[in-house]
Structures are given as C-alpha cells and as structure tokens.
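Note that chain A is present in both complexes that follow, paired respectively with chain B and with chain C.
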Partner chain A sequence: MTLLEVQNLHTHFITRDIGNQVQVAKALNSVSFKVDAGEILGLVGETGAGKSLTALSIMGLLRPPAEIVDGSIRFEGEDIVAMQRDELNRIRGAAIAMVGQNPRGALDPLTRIGEQIARVARAHDPQLSNDKATSMAVESMERVGIADPLRRAQAWPHELSGGMAQRVLIAMALINGPRLLIADEPTTGLDVTVQAQILDLLRALVQELNMGAMIITHDLGVVAQYCNRTAVMYAGRIVEEGGTRSVFGDPRHPYTKALIGSTPEKLDFTLDAEVGGGPPNLYALPPGCHYIDRCPKAAAQCNSMPPNLALSATHHALCHFAAGDQARAS
Partner chain B sequence: MSPGDSILDVQNLSKFFPGGRGTTIHAVNDVSFAIRPGEILGMVGESGSGKSTIGRAIVGLAHATSGQIIFRGQDITGLPEKKFRGLRKDLQIVFQDPWGALNPRLKVRTIVEEPLRLHTQMNATDRRRRVEELAQLVRLNAGLLTRYPNELSGGQLQRVCIARALATNPELIVLDEPTSSLDLSVRAGILRLLLELRTETSIAMLFISHDLGTVRLISDRIVVIYLGRIVEQGPTEQVFKAPAHPYTQALLSAHLPPDPAIDQGRHILEGEIPSSVTLPEGCFFAGRCPVAVEACSHQRPTMVTLDGDHQAACLRISEGANSIGDAPILGGPKQVSAQSNTASGRTP
Partner chain C sequence: MNVSRFLVRRLLLVVPLLVFITFFTFMLTRLGGGDAAALISGPNSTAAELDMIRAELGLDKSLLAQFWIYISGAVQGDLGVSWVNKRPVLTDLIERLPITLELLFWGVGLGALIGIPVGLRAARDHNQRFDQVVRFFSLLGFSIPTYFLGLVMILVFFYFLGWSPPAMGRISLMITPPPAVTNSYLIDGLIAARWEVVQSAFSQLILPVIAMAIIAAAPIIKQTRAIAMDVLSSEYVRTSEASGLSRRVIQSIVARNSMTPIITFIGTELTALIGTASVLEFIFAWGGMGQYGLQAIIQGDFSAVQGYVLALALFSVIVFVVIDLVVVLIEPRANMSA
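After this line comes the complex of A and B, so read on.
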C-alpha cells in the first residue's frame, strides 16, 4: 500500500536582493517518489542535494524564504500541501514522525526524558491524563530497546550516551503510532557499533509495525544494507530510483555510477574521472541535465531536459543515455 | 621489529587529561607501536578512543603523561617547542577539518610556502618553484594558488593542507581523518591522491580514521584502539581476514559494506564504550564482550603474538575461545537483530 506519494515537488527559496529584484534558488526541482508501508526508502546524495529539504517539505516544517511552489505530497491519498494548518498538525508528528540528525540538540536539557516523551503524546491528544501519557512513554522506551525504562524515564538528557539519546528520539517519534517515519541522518556521529544497533532497531520497527520509513543519509553502506529501495538525489532532482540491488548492481545515471565508484571498497581507477567542480548554482541551474558540468559523458543532448527513462517497472534514471551506450552511439 | 628498523617508535605512551571535579580522563593508556620508513600505518577506533591524542602527541602538540616517542632513534618526548622546531620539517600533520586549518587571510600560495620559509634555507625563486611542484603533486590547478581559502572547495582545501604538509619533504605525516569531513566523490579524489603519493614518494604515514573501508584501502598495517588501548595490530589483510580480538571482530562486522550483494553476518554489541574516567580493572572490553569470562574483568590482557606481526590483547586467545562467531548474538529489540542483512530481499 502506498503511504506517501510525492509528485513533481518544487521547493524554492524566494528572496529579494538589495535592488528589489526577485532571486530564486531552485532547491527542489520536480521531485517524485513514493514510500510503501513495510518498506524503507533510502534517500542519498551529497551535501546540499536537497535531502533534508525534501523531508522538511513533507513535514510542513519549511520556513520562509523556503516555499513549495508546485507539486503534491499525498499521504494515504490526501494532498497535504493543500491542507489547512490544523489538519496538517493532526498528521504531522502523529501519522508522520521525524527523527532528526542531532539527538542531543533535539532534547530539552531541563526536562527528564520520560516527561519529554509523554509531552509529545499529550500534544497530540490534550485529553490524555498525565498517568496515561507517562505509561505510554515508558512503553515506547521499552519498544526501542531501552533497558529498565521506568528508571531511565527519570534520567536527564545529559546523562544519556549518543546512542541512547537517539533511541529516546525514536521512542518520541513512535509514541503516537506513526505510519510513516522519516529519519534524517539517524546515525551520523554515532559509533559504528552503535549505528548498527540503531539501524537494526529501525528495521525491526518497520517490520513489526508495518510502517513505511525513509532514511536520509550520505552513507551508501546504510542504504545498501538497510533500504529496500534507493533514490539518488543530485541538485534538487532524483536522478535515479529503484530497488537497492538493482541501483547498486546496475547503476545507469553517471552520477550514481560516480557515487558508487567513490566508495573505498569500489574505488575504481579505470572509471572516467569526474570532470571536477561541484554542484550547480541553484540560482542559475542549467536548462537540461544538472550534472552536465561534471559528467564525463555529457553530449549536446544534455542541454535539454533528460527523460526519466524506465529501465524496468521499478528502476528509473534521469539521463538521455540511461538505456546504455548503444543507444548513445546510434 | 627492532627499534632500529623503524622511523617512529611509540613506547608505553599514556596521556591523561584533568576531567574536572578532581577526575582524570585516561585518553591514551600504555600504547606501543612502531612505523617503518615508507609505511602507511592505519589507526582505527571509535570516537573518543584516543586516536587524535596519539597523533598530536607524536607531532609535539600534546605532551605525553608517560612513555616515550622515539623519532629516527631520538627521544622527542616532551621536547620544548624551540627544540621541536628543528624537527617540524620532518614531522607533519594534516587535520580533519580543512576549513579550520588554514589562515583565511593568506593566499594559497603563501600558505603552502610557509613551511619552506620557516624550516628551509630556500630562496624565493626556489620556493616558488617548489610550491608549483607541490601543487602538481597534489593535483591542484596552479591557477588556484592565487586564491584565498574561502574561494576553494573542501576537497581543494584538503589538497592545500596536504601540499603544505609535504612541502619540506617530511619523513612522517600524521593524517588525522583527512577525508571524514568531505563528500564521497571528493573523498575519492583525496584517497586517489594519497595512494599515488604512496608510490611517488617514500613518506611514512600514520593514517587515522574510523572508516574501515578507507583504512583497508590505504594502510599496510593497522592498529585497532579501544578506550585508549591497542587491542590488536598487524598487517591489514591479516587483521581484516582473521580478526583475533573480539572487539575487532565486532567492529569489522558492524561495518556496512556499500554493496547490497554482500550479505554480512553480524554481531551486534550491547552497550556503548565505557567512560575513560574510571577505567575497568581488567580488559577494557570485558563489559561488552560476548566471550568474556570471570578472569577478563580483573586481569589486564597482554599482547599475544598470533602470526608474525599480528598481535592481539585478549585472555581468551590462548584457549582458542576468542571468536565471537559462535557466541550468542546480543542486542537489538526482540531478537530481530540476529538476522543477516538482505535489504532488498525482504520486500514484503
């Protein structure tokens, strides 16, 4: 069942410069993807690609000058872009929950963690008694593998290790029984042995609760080992999307190839080196392919918008030459 | 290996910091290792395990609490800054964060030239030539030499840092997580560069990283640190293929290969690294170790030689009971973590 369906999402930063000229940074440019119940989608890409912005757009957490200028975000069939504030609040934080990147920064240092988790439950349901909210918090802590949750509920945030703080945030995200969980870099900054604990927990929860999840990361190992499907983002566009095995085993977009070929395990000296440089200027994006300036295979066609070529029913790539080199030669 | 063979000998190095309220942070605890000329030694360990402190002590930026650092046969432990200056030319360091490491008010050319001015007798023309040579060596477009750091990308800045460290032809460079703050494709360029330098020069390197893939690619030998102590060291492939210490085994199995076709059986550790304020009495890893026995919590294991250069500090090696492979797999909620990872094979 499709939980979330994002279609042609455009999120821009719109400002005026000193001369009162409108300046537009096109940060998301027609982003489309979906997340099904019971699956984990991995959203990967380099810094500034627009991954967090995608999450914030879905969560309705954009702040000016960021603005959704076009597209739809359907959650269980309802378009949440068109929704009113109070309706949106009903969904956000309850049906869709988010776990952020910096667990310590996200906790209130002056409130015991059990109370912080309970607060999230009461915010969603003001009728809830304190006792009920507290017992829900303890239950949620238990579910994320916190041993001795009754005692731990009394702990202060500074008493928690990084891994434990991340578990608390997951407990908080789960308390209102979300159907979709968005985790933005959930393990960045955690030790590898702890990272494995957190990711195993997320995967187990997705299966157990039949939730849908989206993990945002720049770690290809996390995607390869934990995500059913992979979406690769570059300069505000999804350039390739498909089953994880298919994308890693047969990447078709030159950027995906370069990304996979950059991991130490795969570092391939025979691959065409990238032309260098960084991502394009969001205020002046090229008319066609956004990767054109770095692509070793760029040709004249690339100045026009590439098609989203279907390589199979579930694997797409946004490249004129995604079908293979034969197509290019002809 | 006898001390004469090595360019650097670290012997029983310890470094403590005051931890406030009368406590002590035991950042580095009785660490001994050596680096041979031209060798790349990889150092892995999780956050706070003392890697940077070791690196900083070697280049004289932190003073050892006890132990010796012997560089080319000379004891350089606690050498005053003035005396250390003569060594700078041969002993360099590159830090993790290239943005913070460079003076924003100086042009790149001046930054790379600085060590030549400070530590060599070269005249201006020679220095100029050397800077251009270095730019070429680190694959930095010569046009960038006239720019300021804020006009360069992270990868370009890290190349500047490496060029500066290489300027005086040092014999040893400490690279402290030189690629961790960089994006994947940029990181690949720096790794490529380091691998090329390895064949083009004979500089020895201490390569500090918590990324196992990178360390495996770049190092001849590796040292594994846990809570400021070496738990295992040996030739890279030997350690990766047959890790002996339970911590090394767990660390390697927690590494996520960026390839869904690799289906790794994993051992998830319970808990997290204990505090370096109150050190455990016995083996530092005993509290999280799936094969620990009673003795492990009060007896400090010494290094056992497994095979040639490969050594590990675990009491259970002598009984052949150090493998966590057959130990029950711990942690995770409700037993689910015991499964192997088949991400895409599990679409419901």
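After this line comes the complex of A and C, so read on.
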C-alpha cells in the first residue's frame, strides 16, 4: 500500500536582492518518489542536494523564503500541500512523525522529557487526561529501549547523552502510532556503536509496527544495510532510484557510481574518477543534466533534459547514457 | 541546590568589587582637582586658614591614608559628611535613593509589561504589519532624548490638556507627607492608610513613569524580539511543529525559553537606565539621587560624590545577584557552583 506519494515536487527559495530583483534558488526540481507501508526508503546525496528540504516540505515545516511552487505530496491519498496549518497539525506528530538530526537540540530544554512526550500525545487527543498521557509516554520510552523509563521521564534534556536523546525523540515520534516515519540523518553526531543501536531500533520498530519509513542520510553504508529501496539525490533531483541491491550492485547514473566509488570501505580505482568541483549553483542551474559539470561522460546531448530511463520495473536513472553503460562495480 | 550558599558566595565576590570601585572613584575625585578647603573657607581666606581646614578634614595626609580613613569608616556605615549641606552622606542617600529607584522600578516594570508581550508577538509575526509598526515605534523610543520626552509630556498633559498635576515633586504641596518607612510616598501612604496621599502620589507618578516606560520599553521590545526569533528558529521549536503542537503551545514554549535572556537583559537595563531615571526625576523636580549626584559633582563635594557612586555600584551589584538568583531558580541547566 502506498503511504506517501511525492510527485513533481518543486521547492524554491524566492528572495529579493538589494535591487529588488527576484532571486530564485531552485532547491528541489521535480522530485517524485513513493514510500510504501512496511518498507524503508533511503534518501542519499551530498550536503545541499535537497534531502532535508524534501523532508521539511513533506512535514509542512518550510519557512519563508522557501516555498513549494509546484507538485503534490499525497499522504494516504490526501494532498498535504494544500492543507492549512490546523489540518496539517492533525497529521503531523500523529500519522506522520519525524526524527531530526540533532537530538539534543531537538528537545525543549525547559521541559522534563516525560512531559515533552506526553505533550505530543495530548496535542492529538484533547480528551486525554494528564495521567493517561504520562503513562503513554512512559510506555513509549520503554518500547524504544530506555531503561527505567519511569525515573527517566523526570530527567531534563541536558542530562541525556546524544543516543539517549535520540531514543527520546523516537519515543516522541512513536507515541501516536504513526504510519510513516521520516528520519532526517538520525545518527549524525552519535558515535558509531550508538548509531548502529539507533538504526537497529528504527528498523525493528518499522517491521514490528508495519510503518513506512524514509531515512535521509549521506552515509551509503546506512542505506546499504537498512533500506529496502534507495533514492539518490543530486542538486534537487532524484537521479537514480531502485531497490538497494540493484542500485548498489548495478549503479547506472555516473553520480551514483562516483558516490559509491568514494566510500572509504570500497574505494575502487577502476571506477570512473569523479571530476572535481562541487554541486551546481542553485540560482543558475544547467538547462539539462545537473551533473554535467562534474560528469566524466558529459556530451552535447547532456545539455537537454535527460530521460528517466527505466532499467527494470523498479530501477530508474536520470541519464542519457544509463541504458548503454555496462556496470563494472560489484 | 543550596540557595543560601550560592547567595553567600556571590555576595563575598561582591566585596572586593565594591572596594575597587570605591578606590577608583576616590582617586578620581581627588585627582580631578577642586580644592575642598578653598570651597569651604570662601574666597577671602588666608593660607593659614586653608591649612587649618585641610588638617581638620584630613586633606594634609597622603591619598592612601585618606582612603584608609574613608574605607574604614565606610564599612561601619559612615560615609562622611557633605561639605556643602553638612549632613551625613548616608542620611541623604537613604532619603534620596528610594525616590530614584521608585521611578526606575515602576518605569522599567511597566516597560517590561508592555515590551515583553509586544516583542514576542513581533517575533512570531516578523516582517508582517504588526512587526513593522512595532519596529517603527521602538526606533522612535530609542531616538527621543529623555529630557525632551519629559518636557513634551509636561507641556501636553499638564499645560495644554490639564490632565496631570504640575510637575512639582512627588506629592501635592497641599498634602502632608506620610511618616517615612520606605520613602516611597505611594507605599508609605498605603502603609499609613492615607488615601489622599496614595492618590496624589499616584497621579504625580503617572507622567514620569510613562516617560520612563517608553524609554525602557524600546530596547526591551527589540531584545525580546531578537531573543524570541532565535528561539523560534531553534531545532526544538521545529520538533514541536513537526509534532503537531498547537500554535498556542508553541508560543508558550517560545516565551518560556526566551525568559532567561530577557530577564538578564532587564537586569542590565535597570542598572543602565538609572541615569535616565535621574534625568526624569530632575525634570519632574523629585529631588532624588540624580539631583544629589549632579550637584555634588559640580560643587566638588567629595564625600557626596563617593557616596553617590558607591550607592549606584551597590545597587547594580544587588540587581545582578538577584538576576543570577532568579535565573538559577527558573533554569534547570544553571549551575549553582558558579
């Protein structure tokens, strides 16, 4: 069952410069993807590719000058983009929940953590008594593996370690039984053993509760290990999408190949070396392929919009050469 | 968490600070010129008379020796005698400090009462109409000189409109002041249960307090807005939004998290605006610290200047200790050992 369907999403930053000229940074350019119940989608790409912005667009958390200029985001068939704040507040924190990348900064420093979790329960059920909300919070803390949750509920956020804070945020995200969980770099800033614990926990919860999940990360190792499907983002576009096995085993977009080739675990010098430089200027994107300036295969036709070539029923790549290129990575 | 130990430690730190401030002003006033002996004896005195007066006042001793005499008196509550009005400095200070502080506290209090909600709302609706109007008026509040504001208010509300009593002191001349307890006529009137005193003191307070509040509110609005904007852009507010918390709940989270820096700011404002209060109290002829200090400086009345500076320093120090204490009590992260 499709939970989330993002179609043709365009999110732009629209500002005016000193001369009152409108400046548009095209941060998301026709992003489309789906998340089904029970699966984990990994959204990878470098900083500035638009991964977090995709999450913020879905959650209705964009602030000026960022705005959605085109496209639709359907959650269980309902278009979220058109929703007013009140309607959106029915869904977020309840049916859709998000876990952020800076767990300690994501907790209100002046509220004990039990109360913070209970607050989210009460926001979605005004009839809920304080006692019931508190016991729900303690239960939720227990489910995410916080030992002695009754006592921990009385702790202040500054007393928690990063890993513990992330567990608290996951407990908060789960309190209303969401059907979709968005985790935006959930393990950034945590040390490696804690990273694995948190990701194992997320995966177990997704399976146990049959949720859909989207994990945003720049860590290919995380995607390879935890995600059923992978979407690779570059300069506001999804350049390749498919089953994780297929994308990693047979990457077709030159950017995906470069990304896989640059992970320290499998530095493969037989792959095409990435051309240096950074992502393109979002204020003046190339007309065709966004990767044209860095791509070793760039040719004249790359100045026109590349097709989203279907390599199998589930595997797509946004490249003129995706079909003809034989994979060499294994 | 031991509040009294925290307080004791803070106050102990204050002692060397006050000694230093006293030393500094002592030397400055002495080195700044002005011959007290000549001032006291008048223009026609002989050199022998001058020497006699100097010896009597201890001015023939070395500066350090003089300082020692002063400070050993000061710790016993003896701040010397004014050479101008011959009254003990401490008596004058006790009488006049509450006058200035009354204006300061009511004014800054009213300014905070208006400034904090306005600043919070401006941050929430930033760049919208409300925010733009608020920014205009707070700029106005910043730009108006105190004495000008005070005089214009007297002109408009007393002279033209006749809404307020004449700006002549803190109570109508027709009313005998209540027995002095706090030296605030408003409070003393309440204590003595004399309603005509309370009424008169209150109507005398209105104009200068509003002037004070206008001056105080401008920076409070600006700071509150900046602090709340900062909180609004924090990760935890974003988490709250992502959790579907209502606007009202989020607004209260923002307000609570803005409170510590706002309270700290208002503390610094209390000490910074004592000059403004002095000017207003001067304009409205209240006869408080401002008038006292200014006269003392002009007349080279050393002990009075010393006492004036010491009183202001002590006030600032007390304000900061109280602010620290409030912050420690409301802030779970605060560390009492500091």
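Criterion: the second predicted complex is superposed on the first by the 324 of 330 C-alpha atoms of A that agree within 3 Å, B and C clash if a C-alpha of one lies under 4 Å from a C-alpha of the other, contacts with A are read in each partner's own complex, and residues count from 1 in each chain.
As a convention for this text, contacts are C-beta pairs under 8 Å (C-beta built on N, C-alpha and C of every residue); 3 or more make two chains touch, one makes a residue touch a chain.
A quick note: this is a predicted structure, and the numbers were derived from the prediction, not measured.
Bringing the complexes onto one copy of chain A puts chain B beside chain C with no clash.
Applying the stated contact rule after C-alpha superposition, one finds that A:Leu28 touches neither chain B nor chain C.
Chain B and chain C, viewed from the C-alpha centre of chain A in the overlaid structures, lie at an angle of 80 degrees when rounded to the nearest 10. In the superposed model, A:Ile91 lies in contact with chain C only, and not with chain B. Shared-chain residue A:Gly38: touches chain B; no touch with chain C. Look at A:Val6: by the touch rule set out above, it reaches neither chain B nor chain C.
For chain A, the partner that touches more of its residues is B, with chain B and chain C as the two candidates. By the touch criterion stated above, A:Ile260 is placed in contact with chain B alone, chain C being left untouched. In the overlay built on the shared chain, the residue A:Ile73 is in contact with neither chain B nor chain C. Superposition on chain A leaves chain B and chain C with their closest Cα atoms 7 Å from each other. Under the contact criterion defined above, no residue of chain A touches both chain B in one complex and chain C in the other. On chain C, the positions that touch chain A within their shared complex are 127, 234-236, 238-247, 249, 253, 256-257, 331-333. Put simply, chain A touches chain C in their complex at residues 59-61, 64, 85, 88-94, 97-98, 100, 102, 105-111, 119-120, 123-124, 156, 158, 169, 172-173. In the complex of the two chains, the chain B residues touching chain A come out as 46-47, 153, 183-185, 187-188, 191-192, 210-214, 216-218, 250-251, 254-262, 264, 266, 268-269, 272-273, 331-334, 336-337, 341, 343-348. Those residues of chain A that touch chain B in the shared complex are 38-40, 46-47, 143-145, 161-164, 189, 191-197, 200-201, 203-205, 207-208, 210, 218-229, 243-246, 248-249, 258-267, 269, 274, 278.
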